[in-house]
């Protein structure tokens, strides 16, 4: 039996045909089958690579990355995913390029896409902007393809926007699938997606929004906890409610961290900025009002400081299921006594979960690769089987197979 | 019949043997056969790629890019071309490297070339400098090869210098070949290479120079139009005259935009800086006279402002052949009412030609790839046929062939 | 006979099994067999490439580069080596990434390593820091591998630290092997590793330390010369003494440049900063004492200026063996009358040795590739033979073989 047979078999039961030549923006825009297919392909690609079997489907090809915010993890995950499939990454650096000099998005999108198979964008800083910008790019290359300017349709992968962080949340979910021994085992599990105090300011909302928007699809008991005033986007809450209703799960909110943690199977304590404040910041930024932005920052830091008790302490962890809830984080975390005086999590808690946290992160390159694979390959099961049967070694001279 | 048969057949009639192990600087340094061969190989490589057939001739190898000016299009075109052929691009970033710290060109050129197959340079800012610098690099690696320091001779590709912009102009010409249904159909066609007003300052002369230096070789009626004082390099005008005489075409100059546009088949309205001003700027730069440079900039902006009427308006377009001349631009354009109040072209004109403009740009990666291919491959027709016959899919599992 | 047979044969006599899945830090941490194996594999890889035979052992894979100091040569050598073997380089740019924002080394090292085969680091600026940092990274990925976070163990290559510059010194040694016609011919040869005056300040000690730490292993007569006060690390002197005793060579020190040059077969005149000053600088840097650093710089420049007579002049060269010692330098050199008024070497001396200097540098990419090869390939002789026998052309259509 080949390294990918079980994934291929599971894939046969799913309908994911619309992922071909499509993009990956928000997880809730994908059907349950499409989400499941992404997990399976990610696992299959990992099985290939860990068996020293090349998963290189592109003999040549470009992947373009556009990071409008600093990034280590997502940048390297994207680079790893593209390399795994045979694509070379070309950064579109707005400092180096002419993008900043008044070019329209439409023009640039076409100009960089003549030989681009994938475009990955991170644009998470301004509410109402990041996801909209990505759609503008996707629409532009769509039009370019229809107009015959491009002979192919580059796939857009959302590497974090103002609404969702799909590659992170899908990787988190795949980690949970493996931690709990299967997707079905997530049913009924309680996860506390909780705000936590950080001395820094203005962290994106995309992770908490992405988590409640995704995990509610698996019949989980999803609790969103935050102090008053730290609401996430109302639209995403509606998505989470609807998902929970459909999946037989639960979506509840609380302003009490302890309530969220009580008997939780999984906790995800993380700082974020209030949605309304981020909206105001976006407006001030649009007006070029730096003074207003600075004042807003001071206000938010003061507001944050009132909630230093929102921290993932050892005492709080004891109240979780058997005192052993899985602690998750997208990293880097603000760790009390390590990276700051008071932060999101006690140093001892973080330390105990270091390996699980790293494993959680390890799924992201494979999730991104799966998103690309499903968008570019017309018959994913056939190609996965071909790769496994041909079993071209990734590293010459090393054993093939586990 | 394979995807490249017709190009291979046409190539057989041409003599381009001296392109092997050579560089690509100015188009007028190449014979007509060599220019034609470059078009044919570009088309052949495009046919391969659009048939999902790998054109990867390098199993490994490096292409070095050195951009002394910001660039999106050319950077991505170069990256695309190199990737198509199997080369990885390594940027020589003068900020990051020690080039800025007094190293001689000769030393650096050799140090970066031990495994470099191609060196692409953009250096267009200073009159008398860019092309000279590229030759210095080419001479250095030539010497390195002769002295046994390098076991091979890296190929230099001029990605825009102070004299010519060969990759742009060759791509423009290939676009015209396809727009007009063949190289022979360009004979007698009138093109207006015209200065146009832009509120910005100091745009390079390489595009107008490259256009009149190249298109005069195809028997075209090439009109160079600009206000008095916006002369291009006299040497290039001589080249254009000589070309026109040899090809049975025409090269004329006028200070009247309307005259140039009248009954033109193609118009290329674009801003550039006066040659003499750029020469003075180079001198001031050499003297480190920032005050002088600033004053020159103000002078030039004032001079420009006197010619706001040099714009590609709807009215002017109506005077062209059937009112339907092909509008060309190397992009990005300064568009009236879009990117600036008054610019090179009316918004409605630009909008109407958006798709043709994007198609024009789409040839550049293939032109660059063809330049590299012809310089590195000893028997290009044989290798093109091999690629077509072996038909290795670029993307696994996708259909091969149109 | 294949291109690599003689190297493979020589390799069979050596024990280098512990290099597999290991790192390359200091040369004196490697056995003599391991050092010799690195030379042989470097030569074999060069023979393959110069025969147009692909040495690509990775079908896909990432190499991460982290340069904490500007670099052209080492950056390009690393990129060339990785490309030769099939790895794509991904820069970890501390400006772009979140490394600077308080992440622990352990976390970052794991986060970037999920698909990384190699990590190359240059960190040479602070005494007691660079090598320690590299070990921290190596330990982190070691732990990650043991903990199951990583499915493989990325190899660390020291691209220059505060103690050694192993890729430079191994390349220098391989150059000597070829210059003198074999490793055995180095026995008894006198090399003057001498301080030389430079108007700049604070050059790393890694080259002189690396040279005396490595060349003493080959039975050479190694003389370290410098003015009083320019001592290198005492630990490295001990290593050199021990090496010389074991190899039947010599390691002596002098404060007289002429004595070192007298009858030398090889001279390596190069500026460096006094160890104690660099130690103090590291301390001041740690304290954030910029004023102290500036004062130290002035002191050191004054101290340097007292030793302008320490220069590799034509007169001094005449005193070497037959007046024809091989002049070596890691480049770039400070050349009297060229890059500075008074520098490390006379312009005419440098000029005469330009080709040998470039050849010296040409070995670095192959040395780095050999270090990676030996760390990643379990049976290097078998894989080298496979590559030679399969003889896949690196460039399609070019002749295979010399």
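Chains: A, B and C, in written order; residue numbering restarts at 1 for each.
By our rule, a residue touches a chain if its C-beta (ideal position, glycine included) is under 8 Å from a C-beta of that chain, and two chains touch if they have at least 3 such contacts.
Because the structure is predicted, anything quoted here is derived from the model rather than measured.
Of all residue numbers seen at the chain B-chain C contact, under half occur in both copies; the interface is built from largely non-matching residues.
With rounding to the nearest 5, the Cα superposition of chain A on chain C corresponds to a rotation angle of 120 degrees.
Between chain B and chain C the centroid-to-centroid distance comes to 40 Å (mean Cα coordinates, whole Å). Residue positions of chain C touching 2 or more other chains: 56, 88. Listing the residues of chain C that touch chain A in their complex gives 56-62, 64, 88, 90, 92, 96-99, 101-104, 107-108, 110-112, 114-117, 144, 147-151, 376-379, 382-383, 386-387. Note for the complex: chain B touches chain A at residues 49-50, 54-56, 67, 70-73, 75-77, 79-80, 83-86, 88-89, 331-332, 338-339, 355, 358-359, 361-362, 364-365, 392-398.
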